[in-house]
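Below: one structure in structure tokens.
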Amino acid sequence: MFSVTVRDHMLVAHSLKGDVFGPAQALHGATYIVDATFRGDVLDDDGILVDIARAADELRALMAGLTHRNLDDLPELAGRNTTTEVLAQHVGDRLADRVRAGALGSCVTSLEVTLHESHVARASYERSL
Amino acid sequence: MFSVTVRDHMLVAHSLKGDVFGPAQALHGATYIVDATFRGDVLDDDGILVDIARAADELRALMAGLTHRNLDDLPELAGRNTTTEVLAQHVGDRLADRVRAGALGSCVTSLEVTLHESHVARASYERSL
Amino acid sequence: MFSVTVRDHMLVAHSLKGDVFGPAQALHGATYIVDATFRGDVLDDDGILVDIARAADELRALMAGLTHRNLDDLPELAGRNTTTEVLAQHVGDRLADRVRAGALGSCVTSLEVTLHESHVARASYERSL
Amino acid sequence: MFSVTVRDHMLVAHSLKGDVFGPAQALHGATYIVDATFRGDVLDDDGILVDIARAADELRALMAGLTHRNLDDLPELAGRNTTTEVLAQHVGDRLADRVRAGALGSCVTSLEVTLHESHVARASYERSL
Amino acid sequence: MFSVTVRDHMLVAHSLKGDVFGPAQALHGATYIVDATFRGDVLDDDGILVDIARAADELRALMAGLTHRNLDDLPELAGRNTTTEVLAQHVGDRLADRVRAGALGSCVTSLEVTLHESHVARASYERSL
Amino acid sequence: MFSVTVRDHMLVAHSLKGDVFGPAQALHGATYIVDATFRGDVLDDDGILVDIARAADELRALMAGLTHRNLDDLPELAGRNTTTEVLAQHVGDRLADRVRAGALGSCVTSLEVTLHESHVARASYERSL
């Protein structure tokens, strides 16, 4: 199996609802370093699973819609607790939409998104296509 | 599938038994940067797989029992060669005990522990719960 | 010359005032990975410039007062644009207060604080004591 | 399951054939930071999956045959587009040959090779033995 | 003193002239991860030493003229051995031109460029303005 | 000014004398990731400050005399507290001996050695030649 990973980041504010979050219930923020990994069993005729430049462009476009925002105000995330896991899923599902729309060729069969919230914590979401 | 990873470290001395270890048969030491990854298919009602703060606390508590020790003297590791693989398994099994005891909610179905022994070598142990 | 560096982090929200900041004028956030470096020409009788554990404790205490906050609401930062440079200076000046109060021995003669706001950008502030 | 990963690197020139590669069709180059991961379900009697020193030696030997070369001129890669994915497969298949030849014990049942081409992009190839 | 650092990269081929370079006399290549650091004693009225976004743009523009090239063919580097040190100086001098042209405000008084050629080697060039 | 940095590591056991060290008074160990930085104002006729390969060789030779040891037993460190600062000085002074002996050309005028003891702590020693 092959995989290709590209990295980008977003700078966001948010708050979390629920006693479990302790001080993170207050409005705060994070830099999420985002790794998007695309997987598949075969390469295309050019010898690639996915065009790295296009994969980076797709991730950048997604980041552009989230960075420099207060996630508490984003309609697309309304009613959800924007935990690192939920954000990884959100980014992963949007990338999956793009793959299914043909934006990244036809070799990708699954993907994984990892959000690093600091040098000591990260969360991932993996799904098939 | 979701995963959450937290990082901590321990500073230990040890020696390894067996010709294969060459100079590592002598008493020496290592900083192990430890990544503990928890995995599961669903999130709880708060939108988390596991509380990152509690996961970090559990890993820190485990590290506190190992760091600043000579592993050759630890009863819990007696008779075992404390290779990076064995230590990863030891940490992983102790964390699995804590997950099964309910310390980290009910969503975690497997975990993986990675010990980085330098910038050029690491070992991991993965198991189900 | 000797130096000792310890690392911690904070998760904050803030906004920046001024056209130059473009989209960063909106409320957003960041994880700042913070490196505090202490410098001096001589070591004490124990062979240390500064006790690494105490240095880490001092940095952690400072982070505790800033993390999980909206910096726009903090009285101690009122009226200042909390750019990465300004935050580095704020953290550096607070650490300098602690060094001068004797919290980290008597060998430190200058310090530097670096805030990493992502994997591709950081800012530092260096000062004497 | 256990895994052991060792890291090395190579400095190579190459060009890529195909419109999809845009400016990378011209002769250029890359530092590939190479992580070789060996996996298996059991440890041997010494408590290791694979001898880390021997694994590092095997990877270094492979790197020695590729580094400081123009990959466009290497007979063993003739007719192939040396994309990051293809190079990961090439390195992975050569390492698999070595494992099957007994160079790394008998516990390894699969391996994965990751080539980091920059701080923001990497590709992997995983295979069984 | 304050500093701001931004990171980018370039993928280049080149060869080096001189027996000292051994195998690096052959055509090969490298990914240079490039850190550009700008330094100055005071911040402007907005609380910045330099606009991080503009600094990143300036570095990206410079990288665009070098990446995906064979440096042996670049007129601007003709007759020079493109060692990591020389390339750091080249990038640093071009950035200095841009700072002097006013592209990055008026607070920067010196700069440093670091080129990471692998995870185990890098070179820097520092100069005043 | 130019600088060149090479990285290596050592795996050592040791203990520290003095109440300030708390649990580190017991025998324990560390992986020290060691960065050796060489500085000078001019490059030689080949366009280098120092041959990176030779610099790496010199650092590796030094590491070979320290790694896989219990530093408490090393005659060359007898009577010294092997704190991270002291070890940085020890490595730095040995490298300075080698530079003065002509092993790394004639351009180096100062050097700095940084020992990373974990992902959150490091110490450095800088000296002229």
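The chains carry the letters A, B, C, D, E and F, assigned in the order they are written, with residues numbered from 1 in each.
Following the convention adopted for this analysis, contacts are C-beta pairs under 8 Å (C-beta built on N, C-alpha and C of every residue); 3 or more make two chains touch, one makes a residue touch a chain.
Since we're looking at a predicted model, the values are computed, not measured.
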- Message: Return the chains shared as contacts by chain C and chain D, ordered by label.
- Response: A, E
- Query: Which of these pairs, B-F, D-E or A-B, matches A-D in more than half of the residue pairs in contact?
  - Reply: A-B
- Message: Validating interface symmetry: for the copies chain C and chain F, is the fraction of residue numbers used by both over half? Same or different.
- Response: different
- Message: As a quick test, compute the distance in whole Å between the mean CA positions of chain B and chain C.
- Response: 30
- Task: Could you please state the distance in Å, as a whole number, between where the Cα atoms of chain E are centred and where those of chain F are centred?
- Result: 27
- Taking each chain's centre as the mean of its CA atoms, how far is chain B from chain E in angstrom? 40
- Message: Among all residues of chain F, which ones touch two or more of the remaining chains?
- Response: 7, 117, 119-120
- Under the touch definition given earlier, write down the residues of chain E that touch chain C in their complex. 1-8, 43, 46-49, 51-53, 56
- Message: Going by the contact rule set out above, which residues of chain A touch chain B in the complex?
- Response: 16-18, 20-22, 80-86, 88-89, 117, 119-127
- Item | Touching residues on chain E, where the partner in the complex is chain D | 7, 9, 11-14, 23-24, 26-33, 67-70, 117-120
